[in-house]
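When the chains are written out, they are named A, B, C and D in that same order, and each has its own residue count from 1.
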Amino acid sequence: MSYNLLKEKKGIIFGALDEKSLAWKTALRCFEEGAQIVLTNAPVALRMGEINKLAELCGNAPVIGADVTNMDDLQNLFARATEHFGGTIDFILHSVGMGINVRKNIPYTNLNYDFNHKTFDISSMSLHRILQTAYKLDAMSEWGSVIALTYIAAQRVFPDYSEMADAKALLESISRSFGYHYGIKKKVRVNTVSQSPTRTTAGSGVKGFDGFISYAEKMSPLGNATQDDCANYCVTLFSDLTRYVTMQNLFHDGGFSFTGVTPAVIEQMKEE
Amino acid sequence: MSYNLLKEKKGIIFGALDEKSLAWKTALRCFEEGAQIVLTNAPVALRMGEINKLAELCGNAPVIGADVTNMDDLQNLFARATEHFGGTIDFILHSVGMGINVRKNIPYTNLNYDFNHKTFDISSMSLHRILQTAYKLDAMSEWGSVIALTYIAAQRVFPDYSEMADAKALLESISRSFGYHYGIKKKVRVNTVSQSPTRTTAGSGVKGFDGFISYAEKMSPLGNATQDDCANYCVTLFSDLTRYVTMQNLFHDGGFSFTGVTPAVIEQMKEE
Amino acid sequence: MSYNLLKEKKGIIFGALDEKSLAWKTALRCFEEGAQIVLTNAPVALRMGEINKLAELCGNAPVIGADVTNMDDLQNLFARATEHFGGTIDFILHSVGMGINVRKNIPYTNLNYDFNHKTFDISSMSLHRILQTAYKLDAMSEWGSVIALTYIAAQRVFPDYSEMADAKALLESISRSFGYHYGIKKKVRVNTVSQSPTRTTAGSGVKGFDGFISYAEKMSPLGNATQDDCANYCVTLFSDLTRYVTMQNLFHDGGFSFTGVTPAVIEQMKEE
Amino acid sequence: MSYNLLKEKKGIIFGALDEKSLAWKTALRCFEEGAQIVLTNAPVALRMGEINKLAELCGNAPVIGADVTNMDDLQNLFARATEHFGGTIDFILHSVGMGINVRKNIPYTNLNYDFNHKTFDISSMSLHRILQTAYKLDAMSEWGSVIALTYIAAQRVFPDYSEMADAKALLESISRSFGYHYGIKKKVRVNTVSQSPTRTTAGSGVKGFDGFISYAEKMSPLGNATQDDCANYCVTLFSDLTRYVTMQNLFHDGGFSFTGVTPAVIEQMKEE
């Protein structure tokens, strides 16, 4: 079903690895809502994933590889995307993150700082690099909309999330800071969407993920939000109906963020 | 223009006084997006305002008077609305508020507590009364959506806003609390939208409103959000595309809430 | 042990019922730190409790009954307290709250609004009434300090806390609003302290309190803060060392407020 | 005047450059309150500043140079400090920050990412490096207290603060994350203090600082907090009276953080 909410809009989607990816579903929904899409991911992810399948589903969207820590790659991406579209970009989804210390099972109290720098560069500074590239090339349309996906660990400690919590806090700050400057310059808005934990291929790597997903489900009055719902929400934020929402961190989590405890969780405590 | 985002949805709009009202614009936009509407306001407001004109524009929507502090009135409203719709309510807009001490120019440090009680009853507890009535009558559809309009004075002090700041803080807390319970029971979501200051007939009453609106404009990277934009945003929150957003306070303010200062404001400071 | 942090300071303590009360411990610690104290509570609480024992421990502090919803009582209290001290008040502890619907086991979705009004009047508006009385009588010293005790349910839903969550949100807003006005007028600062759940006589009344206290303990890196620690913290906030802290909600909870989950809680989830 | 609040406590103070430094005043106040001090700063800052004068005033405190981005330096610092004290560290003040792009007048929309990495390493990751070093050496006492100074730009955009806003957001996240782990391990608490803008030698470098300080003064009901007041506040947070405060960002700003606007600021707007 389509409302044509994104008719004539053009967007770049970062980070669609496979069918479980939030970016995958979002690309698809944007296409259904009438948008033209350019897909991008790191060269290594392009090889591992199934992005060509997604490209087909999105009307043969171009797939342009780009290392988000490389300014030349980003410049090339924007140059080719605006050329393909014959015009400026209306929306961008940033769904990129990787915790190198996390992957290597290095605990938060024993961080390797070179790995950590790489974690921040991929997961957080990449948003700044993308926006700075677009800003310099004047590649965004007026009232364009940028969303970066984040997680509530930026506000509260989820121990296993480790350095990625700091990466997300940094990402959200960049979103505010650049949102200010791009808003002043060209009314481009920048927001983060703080999504329920979701069983993506990336998410599955985190230790204790199953116990955690079940906790989040029990702590959310509406349950955890799915990938499809996240895609729907992003569509509204890319549309012209949400023009004055900017510099916000928007929880899309079934109420988890403002629930202190639930009977289901307390019940567990008692059984001890 | 219409996306048919609210096709087959049925909603009650509280608080449309005249053309400048946020509720007026929202009712119209919801109608344009395919919704059926019931309009309601306090009997005295119905007499003062031009609601019949709005009713016509909304496809001859029924206008049902209700004092939001009176449980019988609210019960009557929901009974008649569900009868009119031939089914349950999909969305509600709460755009109701009145600061009695403010109106009477009584300063915050000299509150009359009877007036203050009335202020809270009209501006805040009304949301609880509406939700409790709907909850008891089981009058909301599954995944229904409720929005109450609020203002950032609930978080930070804007001195002239006086007791209304406390009223809005209370309103937002009720939205979270009831959002939890209604979410658990029937997946109904409840949010507040924290809107830029707008030149409504109600807003104009506040002392120093002009200086303040100009300050807010200067402090918002995108400028102040208009009534039309607020209406658009509410449409997205009433739609099926935002189902997992609940218990949130959502700023719709062009970035005001996360801007600490702007050159335009600093400039003024120096001229002193 | 004493640091003489409150030497020559004079304070009024509201709400010391018995030895388990946060206000009881705070009164004692303030006295130990060199302060002179006036104790007050509702007439009915004075009869039920053991306040005379506390008065003795605080150097025969006067006990002055006052219904916090009665302006005459409050005026009498401040008049007699300033007379007793021979000067203005340096600090006030507001540790007052009662949820009438909660007591009567009336659920949040079925509130009696007369009871609710009384809940807010006792638990929230009482702070405004106290401050307004002091403000009019000019009864506070310059740089005076006011603390109201609150709970994190003002930010996130703890279902059993019911209407008291809304009461605390209102209390915190009043603290900000009046903190602004009293700061401007006389540099009086007003803050709320958001304390861990504690086994007070009042707290014990809340349904499911045991399961909840155990959950909070498991979710706080330092464990739940005790009454004694709360008293210590209040002493610092009443002292001259914290003069520029105002209009804040200060969590005193062993880290609960910024902990998203802990292994201890996740562990319970898995056992299911 | 002294309360002996820090009697027998031992602390390390990072970042005292000269008499205007927040760290300078804090070191002095801690010493007055009975603490033993070790001073440290970057080798280059030691040469530029007057730290030997401070060392004398603090009872001939050792001055140990350390580059906060160098793990060997930090290990050496902790080894020598614990040797000097003959025991573990009770408190640490982190007052370290430098925005390389800011210094070089490179705007936020044109960041040099190598400089930016250095900014984060000095201003934010330094806290992690310090805590990780202490954690591994088990160099902190039980219930030890760590404070990092921060600024409200971490929450709201102050355009001239540029990349330092992101650095402070990262710093605050690290404080929460490590506060969790160090709390669990040894009840060490970690907090940030968000201070009013102050005319330090470092602060003076920021563009438009004068207009901004005057704006902050006008927006704070109590006015801007001074260095002396900041030092006093830190003393309370290092003391045993605040043991259950951890993982918090504590505003010490005369009410700026929760003031939306003041008549003084609105007045300026109208004059336009």
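Everything that follows uses one rule, which is that a contact is a pair of C-beta atoms (placed from the backbone, for glycine too) under 8 Å apart; a residue touches a chain by one contact, two chains touch by 3 or more.
None of these values were measured; they are calculated from a predicted model.
Engineer: Look at both sides of the subunit A and subunit B contact and report whether the same residue positions are involved, with over half shared, or different ones.
Structural biologist: Subunit A vs subunit B: same; shared/all numbers exceeds half.
Engineer: With contacts defined as at the top, give the pair, A-D or C-D, that has more of them.
Structural biologist: Between C-D and A-D, contacts are more numerous in C-D.
Engineer: Please indicate which chain is farthest from subunit B, where distance is taken between mean Cα coordinates of the chains.
Structural biologist: Farthest by centroid: D.
Engineer: Return the distance between the CA-based centres of subunit A and subunit C, expressed in whole Å.
Structural biologist: 42
Engineer: Indicate the whole-number Å distance between the mean C-alpha point of subunit C and the mean C-alpha point of subunit D.
Structural biologist: Measuring from centre to centre gives 30 Å for this pair.
Engineer: Taking each residue of subunit A in turn, which ones touch at least two of the other chains?
Structural biologist: Those would be 156-157, 159, 176, 179-180, 247, 257-259.
Engineer: Using the touch definition from the top, list the residues of subunit D that touch subunit C in their complex.
Structural biologist: 3-5, 176, 179-180, 183-184, 187, 189, 196, 221-222, 225, 229-230, 232-233, 235-236, 239-248, 250-255, 257-259
Engineer: If you look only at subunit C, which of its residues touch subunit B in the complex?
Structural biologist: Residues in contact with subunit B: 71, 108-111, 113, 116-117, 120-121, 125, 128-129, 131-132, 135-136, 154, 156-157, 159, 162-163, 165-166, 169-170, 172-174, 176-182, 185, 247.
Engineer: Spell out the part of subunit A that touches subunit C in their complex, as residue ranges.
Structural biologist: For subunit A paired with subunit C, touching residues are 152-153, 155-159, 208, 210-212, 214-215, 218, 257-263, 265-272.
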